[in-house]
Amino acid sequence: MDGRWRRRYEGAVFEIDDDHFHDQCGVFGVFGAEEASNLAYLGLHSLQHRGQEAAGIVSSHGGQLFVHRGMGLVQDVFTAAQLDKLPGSSAIGHVRYTTAGGSHIKNAQPLAVDCGHGSIAVAHNGNLTNGLALRRQLEKDGSIFASDSDTEVFVHLIARSKAETTVDRVADALHQVEGAYSLVFLSPDELVAVRDPYGFRPLCLGKLDGAYVIASEPPAFQLIGAEFIRDINPGEMVLINESGLQSLRPFRTDAERRHMCIFEYVYFARPDATFDGISVYDARKRMGHALAADQPVEADLVVPVPDSGVAAALGFAEAAGLPFELGLIRSHYVGRTFIEPAQSIRHFGVRLKLHPVKSLLEGKRVAVIDDSIVRGTTSRKIVKMIRDAGAKEVHLRISSPPTTWPCFYGIDTPTRDELIAAHNSVDEVNEYVTADSLGYLSLDGLKRAVGGGGFCSACFSGRYPIPVTDDIALRRQLPLVGV
Amino acid sequence: MDGRWRRRYEGAVFEIDDDHFHDQCGVFGVFGAEEASNLAYLGLHSLQHRGQEAAGIVSSHGGQLFVHRGMGLVQDVFTAAQLDKLPGSSAIGHVRYTTAGGSHIKNAQPLAVDCGHGSIAVAHNGNLTNGLALRRQLEKDGSIFASDSDTEVFVHLIARSKAETTVDRVADALHQVEGAYSLVFLSPDELVAVRDPYGFRPLCLGKLDGAYVIASEPPAFQLIGAEFIRDINPGEMVLINESGLQSLRPFRTDAERRHMCIFEYVYFARPDATFDGISVYDARKRMGHALAADQPVEADLVVPVPDSGVAAALGFAEAAGLPFELGLIRSHYVGRTFIEPAQSIRHFGVRLKLHPVKSLLEGKRVAVIDDSIVRGTTSRKIVKMIRDAGAKEVHLRISSPPTTWPCFYGIDTPTRDELIAAHNSVDEVNEYVTADSLGYLSLDGLKRAVGGGGFCSACFSGRYPIPVTDDIALRRQLPLVGV
Amino acid sequence: MDGRWRRRYEGAVFEIDDDHFHDQCGVFGVFGAEEASNLAYLGLHSLQHRGQEAAGIVSSHGGQLFVHRGMGLVQDVFTAAQLDKLPGSSAIGHVRYTTAGGSHIKNAQPLAVDCGHGSIAVAHNGNLTNGLALRRQLEKDGSIFASDSDTEVFVHLIARSKAETTVDRVADALHQVEGAYSLVFLSPDELVAVRDPYGFRPLCLGKLDGAYVIASEPPAFQLIGAEFIRDINPGEMVLINESGLQSLRPFRTDAERRHMCIFEYVYFARPDATFDGISVYDARKRMGHALAADQPVEADLVVPVPDSGVAAALGFAEAAGLPFELGLIRSHYVGRTFIEPAQSIRHFGVRLKLHPVKSLLEGKRVAVIDDSIVRGTTSRKIVKMIRDAGAKEVHLRISSPPTTWPCFYGIDTPTRDELIAAHNSVDEVNEYVTADSLGYLSLDGLKRAVGGGGFCSACFSGRYPIPVTDDIALRRQLPLVGV
Amino acid sequence: MDGRWRRRYEGAVFEIDDDHFHDQCGVFGVFGAEEASNLAYLGLHSLQHRGQEAAGIVSSHGGQLFVHRGMGLVQDVFTAAQLDKLPGSSAIGHVRYTTAGGSHIKNAQPLAVDCGHGSIAVAHNGNLTNGLALRRQLEKDGSIFASDSDTEVFVHLIARSKAETTVDRVADALHQVEGAYSLVFLSPDELVAVRDPYGFRPLCLGKLDGAYVIASEPPAFQLIGAEFIRDINPGEMVLINESGLQSLRPFRTDAERRHMCIFEYVYFARPDATFDGISVYDARKRMGHALAADQPVEADLVVPVPDSGVAAALGFAEAAGLPFELGLIRSHYVGRTFIEPAQSIRHFGVRLKLHPVKSLLEGKRVAVIDDSIVRGTTSRKIVKMIRDAGAKEVHLRISSPPTTWPCFYGIDTPTRDELIAAHNSVDEVNEYVTADSLGYLSLDGLKRAVGGGGFCSACFSGRYPIPVTDDIALRRQLPLVGV
């Protein structure tokens, strides 16, 4: 069955789900710049691809924190009047993707609270593997939770810390949590940025004149005219205040055990981002090269599934010596919901979002390049669409290995049961997606294509760098439901 | 200067403040009725006069609590689709008034959280006198606060209680707090309603077929076809669950020390409400009788300031043997904000809301009846308006004593400095409001008019039944600011 | 059956219809004042009771007309930013009520068009009796209609006139139309106000410093600080431009045949309005006096149906020597739609809007005063509500005669079939509304109570001063439907 | 100065103008299909690129036309509930782009009116060259205009025709107008589609089971599962009713003088569209081939300005034997307005929309391919952005000739003064855009690349196939201004 269209109201409106993994967040921080909330607004805009369901900014001014959060895109959540009410020279921001169930204003970030140490706000990208266990313990100790998100665990741990300084309290908290986190904290006079010891999620440091800037991805610096300084290291905590920037290592020395999410390179990050000196665009092209070598195909042209498959397809075409063509056009005008068409024309699949260029495809043997297959439903529709447009053969090539395991480190994946490659051979998957052939890039090929080392590829291999303590199933049944 | 018009955007939009006291809340609860959230919706509608800035409902179904809150009137906050997402046979609801500063979704109620004892939601009418002190202590002990409201203190105390049952945990919490509270709690399988030992704020019990209903005022029962059973007693806790209703007395026997807010009779409550067997409408008429006796006036007609002054004016006219006329018409179409008129016609005061009937007033000696004077600004405008309409004399009569002290038990009052009668004699007040004469009902007269006994009249007398621990000034400067 | 609740969406939302007649419009105009659109905004606010479904303003500046219209209340349709975009020193405005079917932005007024004589805008209160016939003729001659409203007929006739001046062209148009109209026209440099020769609908002239102001009712002048000058006479046309004001009589001398709508006094107009020197409030009180004389009742108290029945009830009580009490409280918070309550508690009638004061009604013989009965459904519910509140007897007294004929002169009435008094005797009506007794004011009594002379009372008598040419039934089936 | 950022509110919000030409409309029609308005909704969605400011649908059912129009994108203008209120088996739709001045609901289409021949609705893509003259004449003859758009002229002419049938009346109207028009008319029982004798704007015919479908571009058929039949010919009128489809030639035989807008191939149309058998995508690639031959460049890589320059860049790279890279990334999240960033970081140009991929551009000689240059401001920013990203050389290549003349046939162009190439040599333009070299495709090269024949290329050549009667300057000063 095709799960891509979920009804929102009975018989009326669809939610458009593109059957991709979803990263759960992007974070941003700035300290020491005039109109900090304006910079956060722009920075979040350039991180918008990391989360389109909610956005928020907290600024600090005169010893107080000022908060605004809302559901929707950055440009819809903030009006000029609201930005004006976020004064001060430091700010943090957050964009968020959530699954339908947890999509509620109560989970929007940054989270901002008062505690015994004063006000503190936090923006979080990642997921804790012992978040639920800690939550249960904290609840047992008398804490209350107003949201479903792991992020609230951090502020409770910080609030309960007896340490003297913000950084020590944050360190106290971090020593108790396990999992993936790239975090920015804002207190009335300090900004703290931390990346977990594994470095699952990216986090970068930049400079704008005298001010420091933090962002999930470097293009956020580019947009505001800031200079990229360096990646924040796995296990590093950066403290920024009036005295400048201090780099701290709150974890024991053996704590650095880099496992950056390799899927950031495959799909999540912007192509114009660079992490650890490796350009995402270049990495994707090399995936295409490797894929062409690993999974060659007799074809007349190479067509990407836009936008994420484009760079890999360019690489594939280059390596295979085949022409590259934009045989699928992506609509700029598809929002998250759409009115359900008439019964007679229903099940028209991905057609709202992608459109085949018939003149290119007719009578051709087409190599289609996509970055991954999740449930298989989208791929099946794309194959059908290309075939309906007259292609003689459709060969699907995927620039990453079969996705066979869920992510517990910050990506919203379906359960293992829903991952088509988890329980089916490549041939069986191909049978479902109805291509003439299907080929995946090997994990080794992917790693070589990205280069460097120290990646988490648990979604492909099932080798999880941190064991998952929480009962993930429970997580989806937290008792409070916002509507 | 006249502070009634506060600008919201530079030079553009006014907020209309009617210079009255504002009650901060109305609460509602229902247990054991189908479509409980629908009943809560209707019940809140009939309590709308107790708070127009935010509304919310929490329902319980299948072990989960379902929440929706929003800013605005009940009918704007809830759509049919949203009510559908609040399933179950028990629900609590809340309407809220807040001052501009604290008017933010984060303070909307009911508050719903998860804690070690499971999910719990609470709706609160009142104000704690040691709320800030408790908050500081709880923060010191590691609790985090996400709102400015006292209500969050309750849930923290409950969360930290080691007691076994919901009622015992609630009792634990109540033994630590001081102040005014009429509360409804909802857990997945229980509804608990409590009124503080002083009974500052009203709380009533009703029945609808097999279901129990709780509401701040009895007209909420009338609207949904429920039967009024009785007032919940000061210091009484009512537990409603599948086994039926249980009345508990969590406080020591000497704990009942009734001090119901007398201003509920003067102004806040609906005229069709009855508390402790005393009809609000009747009480107001008797205030009019007493006022006519205490502060007689030579006049041609008696005119109320609508709507709150109507019943007292009827009583006044009856006792004085003078004709009663609706010489001031109230507009039904004035919302909370209004675009600022041209410079040339500014300062047009209360004219948007009240309109004089010239034909009645021209050449007449008019006795104007209002319920209270806060800053004096509105009264001054009303006197001027009536005089401009041609009245020969304007005699202002107030159906309560001079308001000289702020309320700390659930009413949003200005500081003492802003209360015109706090620092001015009646003659001086009259000089400001420019009436030909001004007369207030005496406190004794008011008490006799209401009848019964055991009232809080601190706003008139300064005799506060509970000392205020908190530094109220601090309260207005809580660090987190939502925009 | 009870038709008061019409569903808007299946099973979801009610429209609240108060089973009253509805006036279709209020008009406003100002010439020669700075920030004219601001004055229009305020003026329309004070005419809001004449139409709550749409509002609009057209201003003139630099030879151009500037237009903004929208659905809803005046304060919702206009933002400060939008008023800023309506520059100039002259403006006209309109508020509109429409039945559900024709409720669409295309029918919002003022209507503003370009024609061979330049730009012209018009705001209209009334209804043409040959509007459909003229429309058919104009269509035959090549005109196109973009709305359902009569008002478009005026501008077509003006556009087709060969006369040299605006007033002559307006006169040309007026000589062709028949029916009820109080009109304000705005061209880039002139404002023209006209009242039809019968004077069905009111229209008044005021002055604000050097500027002239036009409004349906005098309270609009009061609000903006303008002075009431006089009523515009039936058949009078007033031209206002840079040279000042000119009063014209475009109709033949026998043309003045005053038939002002007597229902304006009974129900439509504001109580603080005065027409032809007769105060609406006073007239209503005299209706109460006459009603008490005509239809005496043995009762313990007199209760009005608020707000329209209040003045008559005061008169009734005065004349009958009975106490007047506000035994029914009207909610300020009922908008036009409301979510449908649960099946089990449906049919709860007028309870959202009106609430009985039990303490007043219990065990009493109650004389209830209302202004009219349309379908009888509301009256029936009110009687039941009062009886349910414990009244021993309920005696309904109506301050106007039985409504037996539809209005064709600007009031939105149901068809004759739906008017309960059209086909039932007073006894039969009483049987339906289930009162202990029912009494209407006689037509003679009503006329004497209002005083003066020259009224249209066709809705009571069926004596229509202008025969209706149009097939009214057709009017409801105009082909274009906006959604 | 850079005019791309126009303030909307003082100091607060920008409108983002991408300095491109804008097509003014897309049209759609369907006759004989269930849920016709649903099909129109989907069809308009696939034509969304032709107009993003307003959208509308008119459907026909039971002899009545049902209308809904609104400002914004198709998916924002229509809710499921509103589509439900557009019943019937035939419908027409429209999407519209307008310049800021004329952007108002009154200009939204389809226009629907009543006239002597019944109801008629029309959706129009194009622009009349004698529209203003006809309007003046019609106004002189007594017609009124409620909008600024040419489209109203059509319905007036039709309304005034004495002919017996719809097609004859439409033909009557068409014989009087001159200019560009692709039109769909809907009467209660007929759909008429017409393309002007020059065929300036495209119009296509499709079939969906038994129903006929009309659309500006064939991808609209693809989306709803309809089959493309053929282009509607220049000068052809197609009548569709219960009897089927009839092709008519209302113009004299010499009337066919094909001048299809060549810019549809260069920029406007979707790449997956095909007109007259020529694929837009293929044509753009051939433009790239020709451009590489005409304007060769020594470069390391070829980078398109996305999305419109992609196909030409692929062709260019192919022909030049250079690598093609997506060196500029386009954001999917930029709407039409954006809050102005801080003063200090202002003038950040196109950066919100386009982002350079530094790793690709650094140290490279880059050939940048765009489709056209209008004012030059965007090109200048793009060149600077690429250079700032580290490119050694930036060579700009344009896949069309210099744009030197405004369009009067349906494209919203700036005045000639604003077209940078109108008054500057290629070298001077290059000096402004600061590239290392600049080259345009020749007009001959363009025509050969597209193939076929009979194109309007007036914007490049100044050779206008129809002389412009109207004073275009006047058009921008029509008197009625909506806000």
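Order of writing sets the chain letters: A, B, C and D. Residues in each chain are counted from 1.
To be clear about the criterion, a residue touches a chain if its C-beta (ideal position, glycine included) is under 8 Å from a C-beta of that chain, and two chains touch if they have at least 3 such contacts.
Every value quoted in this text rests on a predicted model; they were computed, and no experiment measured them.
Separation of chain B from chain D in touch steps, taking the shortest path, is 2.
The chains in contact with chain A and with chain D alike: there are none.
Averaging C-alpha coordinates per chain places the centre of chain A 47 Å away from that of chain B.
If you average the Cα atoms of chain A and of chain C, the two centres end up 59 Å apart. Measuring from the averaged C-alpha position of chain B to that of chain C gives a distance of 36 Å.
Residue positions 9, 81 of chain D are each in touch with at least two other chains. Put simply, chain A touches chain D in their complex at residues 9, 12-13, 34-35, 38-39, 41-42, 45-46, 48-49, 52, 73-75, 78-81, 83, 219, 222-225, 270-272, 274, 279, 281-282, 307, 310-311, 314, 318, 323-326, 329, 331-335, 337-345, 348, 351-352, 355-360. Of all residues in chain B, only 9, 63-68, 81-82, 85-86, 105-106, 111-116, 118-119, 135-136, 139-146, 155-156, 159-160, 188, 478-483 touch chain A in the complex they form.
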